[in-house]
Amino acid sequence: MTPIMTEAELTEFMYRAFPQAADDFHVERLTPEGIVMRLRVAERHLRPGGTVSGPTMFGLADVAIYLAILARIGPVALAVTTNGSIDFLRKPAAGVDLLGEARLLKLGKVLAVGDVLIRSEGVEAPVARSSMTYSLPPQR
Amino acid sequence: MTPIMTEAELTEFMYRAFPQAADDFHVERLTPEGIVMRLRVAERHLRPGGTVSGPTMFGLADVAIYLAILARIGPVALAVTTNGSIDFLRKPAAGVDLLGEARLLKLGKVLAVGDVLIRSEGVEAPVARSSMTYSLPPQR
Amino acid sequence: MTPIMTEAELTEFMYRAFPQAADDFHVERLTPEGIVMRLRVAERHLRPGGTVSGPTMFGLADVAIYLAILARIGPVALAVTTNGSIDFLRKPAAGVDLLGEARLLKLGKVLAVGDVLIRSEGVEAPVARSSMTYSLPPQR
Amino acid sequence: MTPIMTEAELTEFMYRAFPQAADDFHVERLTPEGIVMRLRVAERHLRPGGTVSGPTMFGLADVAIYLAILARIGPVALAVTTNGSIDFLRKPAAGVDLLGEARLLKLGKVLAVGDVLIRSEGVEAPVARSSMTYSLPPQR
């Protein structure tokens, strides 16, 4: 599961494939286990009370595991999310970005599975936990 | 679990509480079991290949169960999503809205649980299935 | 998704393939959407306080969706559970069996997805809700 | 989240509260983040092909997070599983026990959440991943 794409290549891929989402997310760094993605928290992500909306955090988990997979199989593959689950644990800290730390737990022929811990930058206690399954195309 | 709010009251609440999200979603109708919500599918919800993005469908499931709960306990309560899971089953049909049909399965003192089937309008086979748990405030 | 196996054939298959589990479970009836399975609740399934243990209910959901799939693709296929989620909603009624009503939501080439409502026999309010994904063998 | 019970006290509690399950499971060690539990794999846990049954692994995850919580709040509390999700990643190695390494991610007033990686003893690649939510009694 060694990466075959660099952070710059993943970023370029993200801007081409998801131009809208690419303003929200930033490839922080590839890790031996997966990837760390940053959500640049903006007004449009917030709910009353100042919490980041659930769908936004789901999106952070989704893109983190997606790019953790693509970094290992290359940008050609068409991976599709088949299942996602997320636990919302705490209100995020105000005024800081969210970091999603993804681990790739399985990269099989047909399915890939990863999980993510989402934290407010600089805070240890996690804001959310998520896991996602992707279906991978047969011809790779 | 008889509703104590009307569709018009839920709509008005949604516009006040979530002005951004309220353009995406429409209260279709209250049902004995829950609610039907419409996602007005627009360009910004789509991913390459024409599918509706996962976070958008997660958001539809989230708002449907949230409003199914509020319709029964009133607009004052501060319900918070604690857990959500979603299965993506099929690509949505092109050019039509998505309808999320939510069932309230439990409305307890502390927790409420519901599930949702998401379909392309006019198509029987479901696009996604989701379930969500909400934590309810103690003083109601 | 019309069944190609009868209830008797499913029962016989279950006794051959899972001799231990087959004492716990009973094929109640095939339905147009899936299947209804009975858990014959016995002392060994109970936890202190008289509730049916979580793993036992997980097992009921698992076998119900598994047999709902096999009824449609035949007993030769080797389906493997890849993901399961379950919400425990209420304590079961004392002294009665549990019925799991499964719906098959997707029966694809690679994946099958179903969900289940578990109820105490004769009680409307559900005890648990579960969904499961199965990976299907390619050569069918 | 420092433990207030020892491994011996947890073991004794498990034998009293779940005499049947206590033969299957062994408290391996408390960790700063949670607990490690051992499943003593026996014939009765296996499915055709030699894999450990899904409900058995669900049970391992359930007991691991349960005891990780009790170790921190004491044996009096009546915690109830409200939600569980599990991803089955690989077939376990033959003839060895399973180890479930649980992390407590949240220990709130009302809810506790943890996740677990299950591995065959001596093998790095995980066999399953699970997360569970527990409802905690108000008066503690």
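Each chain gets a letter, A, B, C and D, in the order it is written, and its residues are counted from 1.
The rule is short, and it goes like this: a contact is a pair of C-beta atoms (placed from the backbone, for glycine too) under 8 Å apart; a residue touches a chain by one contact, two chains touch by 3 or more.
It should be emphasised that the depicted structure is a prediction, and the values quoted were computed from it without experimental measurement.
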- Would you kindly say which chain has the C-alpha centre located farthest from the C-alpha centre of chain B? D
- Looking only at C-beta pairs in contact, point me to the busier pair out of A-D and A-B. A-B
- Query: If you average the CA atoms of chain A and of chain C, how many Å lie between those two points?
  - Reply: 33
- Note on the structure: Distance between the CA centroids of chain A and chain D (whole Å) is 27
- Message: So the centre of each chain is just the mean of its C-alpha atoms; given that, what is the distance between chain A and chain B in Å?
- Response: 23
- Which parts of chain A, given as residue numbers and ranges, touch two or more other chains? 82-83, 85, 87, 133
- Query: Hey, which residues of chain A end up touching chain D in the complex?
  - Reply: 85, 87, 89-90, 105-106, 113, 115, 117, 125-126, 129, 131, 133
- Query: Considering the complex alone, what residue numbers of chain C touch chain D?
  - Reply: 17-18, 20-21, 44, 47-48, 53-56, 58-59, 62, 80-88
- Item | Touch list for chain A against partner chain C, complex | 82-83, 85, 110-111, 133, 135
